[in-house]
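Please see the structure below; I have some questions.
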Amino acid sequence: MKKLIDTLQVIDNKRLNKEFFVLLLQSDKQLPEILPGQFVQVKVEGSPRTFLRRPISVYDVDYSQQSISLLIKIAGDGTRQLSKLIPGEKLNIIYPLGNSFSKPSDNRLLLIGGGTGVAPLLFLGKYLRKQYNIVPEFLLGYRSKDLAIELEKFEEIGKTYITTEDGSLGHKGFVIHHPILFDEKKEINMIYTCGPEVMMKEVAKYANNKNIACEVSLENLMGCGIGACLCCVVDTIDNGNVNTCTEGPIFNTKQLKWQI
Amino acid sequence: MADLITNISKLKLKNPVMTASGTFGFGTEYSDFIDLSKLGGIVVKGITPKPRQGNPYPRMVETASGMLNAVGLQNKGVDYFIEHIYPEISQYNTEIVVNINGGSIEEYCEVASKINNLDKVNAIELNISCPNVKQGGMLFGIHCPSAIAVTKAVRDVYNKTLIVKLSPNVTNIVEFAKAVEDNGADAVSLINTLLGMAINSRTRRPSLSTVTGGLSGPAIKPVALRMVWQVHKAVKIPVIGMGGIMNATDAIEFILAGASAIQIGTANFINPAITVEIVEGINDYLEQNKFKSISDLVGALEC
Amino acid sequence: MADLITNISKLKLKNPVMTASGTFGFGTEYSDFIDLSKLGGIVVKGITPKPRQGNPYPRMVETASGMLNAVGLQNKGVDYFIEHIYPEISQYNTEIVVNINGGSIEEYCEVASKINNLDKVNAIELNISCPNVKQGGMLFGIHCPSAIAVTKAVRDVYNKTLIVKLSPNVTNIVEFAKAVEDNGADAVSLINTLLGMAINSRTRRPSLSTVTGGLSGPAIKPVALRMVWQVHKAVKIPVIGMGGIMNATDAIEFILAGASAIQIGTANFINPAITVEIVEGINDYLEQNKFKSISDLVGALEC
Amino acid sequence: MKKLIDTLQVIDNKRLNKEFFVLLLQSDKQLPEILPGQFVQVKVEGSPRTFLRRPISVYDVDYSQQSISLLIKIAGDGTRQLSKLIPGEKLNIIYPLGNSFSKPSDNRLLLIGGGTGVAPLLFLGKYLRKQYNIVPEFLLGYRSKDLAIELEKFEEIGKTYITTEDGSLGHKGFVIHHPILFDEKKEINMIYTCGPEVMMKEVAKYANNKNIACEVSLENLMGCGIGACLCCVVDTIDNGNVNTCTEGPIFNTKQLKWQI
C-alpha cells in the first residue's frame, strides 16, 4: 500500500467535550484505500513545543467525499493545537500507516474500547459490516457519561454495552467488569481492543483465559511512523523487537510478551 | 542546473545530499515518498557483526526542537544484511554507504571486511560515536588512542572510501578529526548525537529505558555547525556535515562552514520528502547567487 | 507551604531558585517585575579584575529553541562593582553570589579576595567556563589541571562558599566535578553554555562578531540534565543545575536529577517574572505530591 | 518609569499592504506614561521559530482608550505570526522600554523616516504638538507609492515631504536627495531620524556637515530589552559599549562611533 504525504483541508472540527474533538479532513485527491486500525501521522503547525508528527488512528473514512475523520483527545500541546484548527485551515498528514485488524474467521466479535481507543473500533465496526456483513458488538468504557462520545454512531453499527467508572451510564466499573463478559450463554470468538494499556492487558488476560483470539492496537511513542527510526518497538515472541508502526499497531496478544 | 557533483575521496556523489544513518532505514521506507535516485547517497542504518535487539522500549522522547533516541543499534547483523538487504538496495541508482559498528576493534574489522566484498558499496561510515550502546560505540569516539586504533585496523581491511563518524561529546573534536585523518580516514562525518537525558516529572522516572540517549534535530545545529567549521579548518580530507538540518538554508550553512556533503537525519521523520527538496533548494541557491558549482560554496564563509 | 530551604554548603537559600549569571544583570533590571526578596539567590553578572568592553556587536542570534551569545564578560571591573554596585544590591533580602572571572589564576584570585571582604556576599561562583573570551574563561574549564589549579588558588584566598561553574564542552564533566570537589569547591554549578555557531546564508558571514558563541535555552536542556545527573551521582557536594529551565516542571526535572538548587538564565528574557513563578510552581508540586521538603526531591529520580 | 508585563487584547489588525500592518492593542489597566521613541517587547505565540521577544516601537498611544498601536513590517517568522493576529486575541508585551527622543530646544525640527522607521516618528510628531506646541515637518522615504502607508496621519501633524525610489510619489530618490535638504532658506535646528541604518548614517552625515543636532533610533538585535543581557550594545564615544535597549534606542549621533 503506497504511503502518501498529503495536505488536507479541515472541513469540520467538532468539539465533543472538554477533552475530545473530531476533525473532518478532505483531500483534493482520491483517497488511497485505508484499512481499519491504520493511522495517520499529523504535522502540528504553530506549536513551539511539537516537533515530531503525532500518530492518530483513522476514525472514519468517506471515499466519496475524499474525507477522513480523526477522533482526538487533548493530551498535550500538539493535540491542543489541533483542537484549535478551524474549517478552511490545512493539515499535513502521512498516511495510510501501519497494518490493520485481521479478517475475522467468525462473526461473534466483541470490540472493546476505552477512551480514544474507541476511534479505530468505529471504523472497524463499519468495515466489518460493509466488507463481511458481520454485525459486531461493542463494549465501551468511559470515566463518566459525559465522556461517552458519539455513542449513537456505535449503536448504529451494533449492540453497544457501556461501562462508566462512576456509574453515570451503563454498568458501573471498568470494561473488564461488564456482565456480558461473564455471561455463559454469550459466545465470543474474537476480541478487538483498543484503549489504555492497563485496560488492554486486562482484556488480553480475559481473552487468554477464555481462549478467545484477541487483537490489540498499541500506542507506542513514534519517531517516524514509517519504519525508519526503530523507536516504536514492541517485544514479540517470535521476532523480538518489531516496529509498532509497520508490523503494528495491531497485534495478536499471543505475539506479545505481555505478562497475562 | 548548477553542478552539484561532490567527491568524497574516491566516492562520487551526484549531489551533496545524503541521508543520516539510523534515520532512513535502508531507503525502502522512503521510496513511496521520493525517488531515491535523486539523492547523493544513502547511509544505511548501523550494522554490527551479530544481530542486535537494541534497547528496550521506550527509546525516544521529544525535546525542545529535538529528540532523544536510544535505539541501540538494533539490526539483524552483517550476514543478514549481505544476504537479504544488499541485493535489494544495490539496485538503487544512488551511492550506498554502510554505517558499521562493533563492540571491539575485531568486530569493526569483521563488518568492514565483509562489506569490502560488496561491489556496489563504495564507502563505509565507521561509527565510533553511537551513545546508545554499552560496549564499543562512543567509547572509541571519545578516547583518541582508541579512535586511532580502530581507524587504522579498519583501514587495513577496507580499501574503498572510509568515512569516520565523529562524536560531538568531546572536548576537542579537531583532535579526533586530525587523528583519524592521519590514520587512514578518507573523510570525516559529524556530528553524531549529543548525549542527553529527559525526565518525566510526573512519574519521576527517566523518559528513556536507558536513562540517557542521543540528542538530534535543530536543537543541536549550532553545536554541529561550530564543529564542522572547526574541523574543516584543521583537516584536508572532506568533511560531511550533519546535525539538525531541516531545510536547504540549513544545508547551505553547513556547506559554507566547510562541509563537502551533508546528511539529513531527524528531518526525514517530519518530512519524508525533505532530502529531495533540499537538493532542489541547494541548486536554487547556487543559481540565484551565481555559483557554477557546489564546490565553490564549500567553506566559503567569510569570517 | 512546603519547606523550600536549601543549603549549598554554608550558603543558606530560602528556596532553590537562583538566577544565572549574565542573564539577570545585577537584579535591579528585574525589580520592576518581581520582588527580588522572593528569590533563593541572585548570581550577578561576571566580574573581572579590570573593566572589559566585551566583544563587538553583533553579540547574539536566536537559534531553534535557544540563543547564542558572545557578550564576552563586559563589565566595569571588580573595584567599580564594590564601590558602586555592591552598596545597592547588598540591600536586597536575598543571597548575592558574585560570578568571578579572570584571564589568569592571579586575576581570579584578585577578584575573589576582594569579594571575600564583602560582608553581604556569602558565596562566589568561579566561572571557568565562559566560551566567549580569548584568555582564561573556558580554557580553565576544559583542561583539568588548570581547573584544579585555579580552584585551589581561589580556595586559598576565599573562605566563604565557593561554587565552581563547570563547562559542558568537555568529554567527561564528572572528571572536572570530582577534581574541583577534591580541591576545595563547596559546590558545583552546571552547565554554562555549549559552544556553538550560526551563519547567515544570505551574507555568507557568521551571525556573531566572534564567529562562535555560547548556546543557551531549552535546546540544551537534555544535555544539561544528563550532566547534572552524572555529576550528582559522582560527587558529595551540592550540585546547582541549569540549562534551558523555562518553567517549574523543568526545574523539578533538574532537582530530580540531583540538583540541590537551580538557576534560571535565558528564560528571564522571555518572562522577566519567571523566577518567582518557578518558586511557586515548585511549592505546588511538592504540596500536590506530598513532599514535606525540597530536600526530599533532590536526586529522587528512580532509574 | 516602571516597566510592566501586560497582556493586551488585539482590537484591530489593519493590513496596510503586503508588508505592513498596524496592531491596535488595548490594556484592561491604565497605561503607564509612554514617551516617543520607546518600544515594547512582544511575545510571539504559536511560532516554533521564535523564542525571544520581538522589539517594536510604539506607533501611537491613546491613553483614554488604554490602547497603543504598533506599525509592523513582516520581516520573518515572528512578525508574520503577529500579522495573523485577529481581534479578541491576546498579546503579551513588556513596556515601556528604552529612552526617548529628547526635548527639542527649538521648533525648527525635521523628522526623517524610512520604511518602518516612520513608526516612532508619528508618535513623536503628535507628542511634539501636544506637549510643546511645536509643529514638526516630516521627510519620509519609501521604495514606492504603495508603501507610503498612512501618510495622511503624518500630514495631519505637519508638512510632509516624500521621496520614493521609483518616483511614484514625491521626489524621486532617497530621503537624503530631497531638495528641502538643500534649500538655503530652510532652517533646520534638529533632526530626528529612524529607518534603515544606511539611511540614518547618510542623514547623520548630512546633519554633521550642516552642524545640525541629530538623533537616531537604532534597531540592534535584542535578547532581553531590559538591560540584562548586554547583547544589544552600540559603541559610544564616551562610554564604550552601552545597551541600546536602556541607554537607547535613541542616540545623539555625536555619541556614536559612526564613520560620518
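Per-chain numbering from 1; labels A, B, C and D assigned in written order.
One rule holds for everything that comes next: a contact is a pair of C-beta atoms (placed from the backbone, for glycine too) under 8 Å apart; a residue touches a chain by one contact, two chains touch by 3 or more.
Because the structure is predicted, anything quoted here is derived from the model rather than measured.
Enquirer: Averaging only over C-alpha atoms, locate the centres of chain B and chain C and give their separation in whole Å.
Expert: 34
Enquirer: From the C-alpha centre of chain B to that of chain D, how far is it in Å?
Expert: Computed from C-alpha means, the inter-chain centre distance equals 47 Å.
Enquirer: Averaging only over C-alpha atoms, locate the centres of chain A and chain D and give their separation in whole Å.
Expert: Those two chain centres are 54 Å apart.
Enquirer: Averaging only over C-alpha atoms, locate the centres of chain A and chain B and give their separation in whole Å.
Expert: Taking the mean C-alpha position of each chain, the two centres sit 36 Å apart.
Enquirer: Multi-chain contacts only, two chains or more: what residues does chain C have there?
Expert: If we look for residues of chain C contacting two or more partner chains, we find 64-66, 217-218.
Enquirer: Return the residues of chain A touching two or more other chains; collapse runs of consecutive numbers into ranges.
Expert: Expected reply: 48, 50-51.
Enquirer: Work through the pairs of chains, note which ones touch, and then classify the graph as line, ring, star, complete or other.
Expert: Its topology is that of a ring.
Enquirer: So which chains actually touch one another? I want all the pairs, not just one.
Expert: Here the touching pairs of chains are A-B, A-D, B-C, C-D.
Enquirer: Which residues of chain B touch chain C in the complex?
Expert: 63-66, 68, 142, 169-172, 194-199, 201, 204-206, 211-212, 215, 217-223, 225-226, 229, 244, 249, 252-253, 256-257, 285, 300-303
Enquirer: Sort out for me which residues of chain A touch chain D in the complex.
Expert: Spelled out, the residues of chain A in touch with chain D are 46-48, 50-51, 81.
Enquirer: In the complex, go through chain B and note every residue touching chain A.
Expert: Residues of chain B touching chain A: 22-25, 29-30, 32-33, 45, 53-54, 56-62, 64-67, 69, 71, 74, 217-218, 268-273.
Enquirer: What residues of chain D sit close enough to touch chain C in their complex?
Expert: 2-5, 43, 48-53, 94, 220-221, 223-235, 240-241
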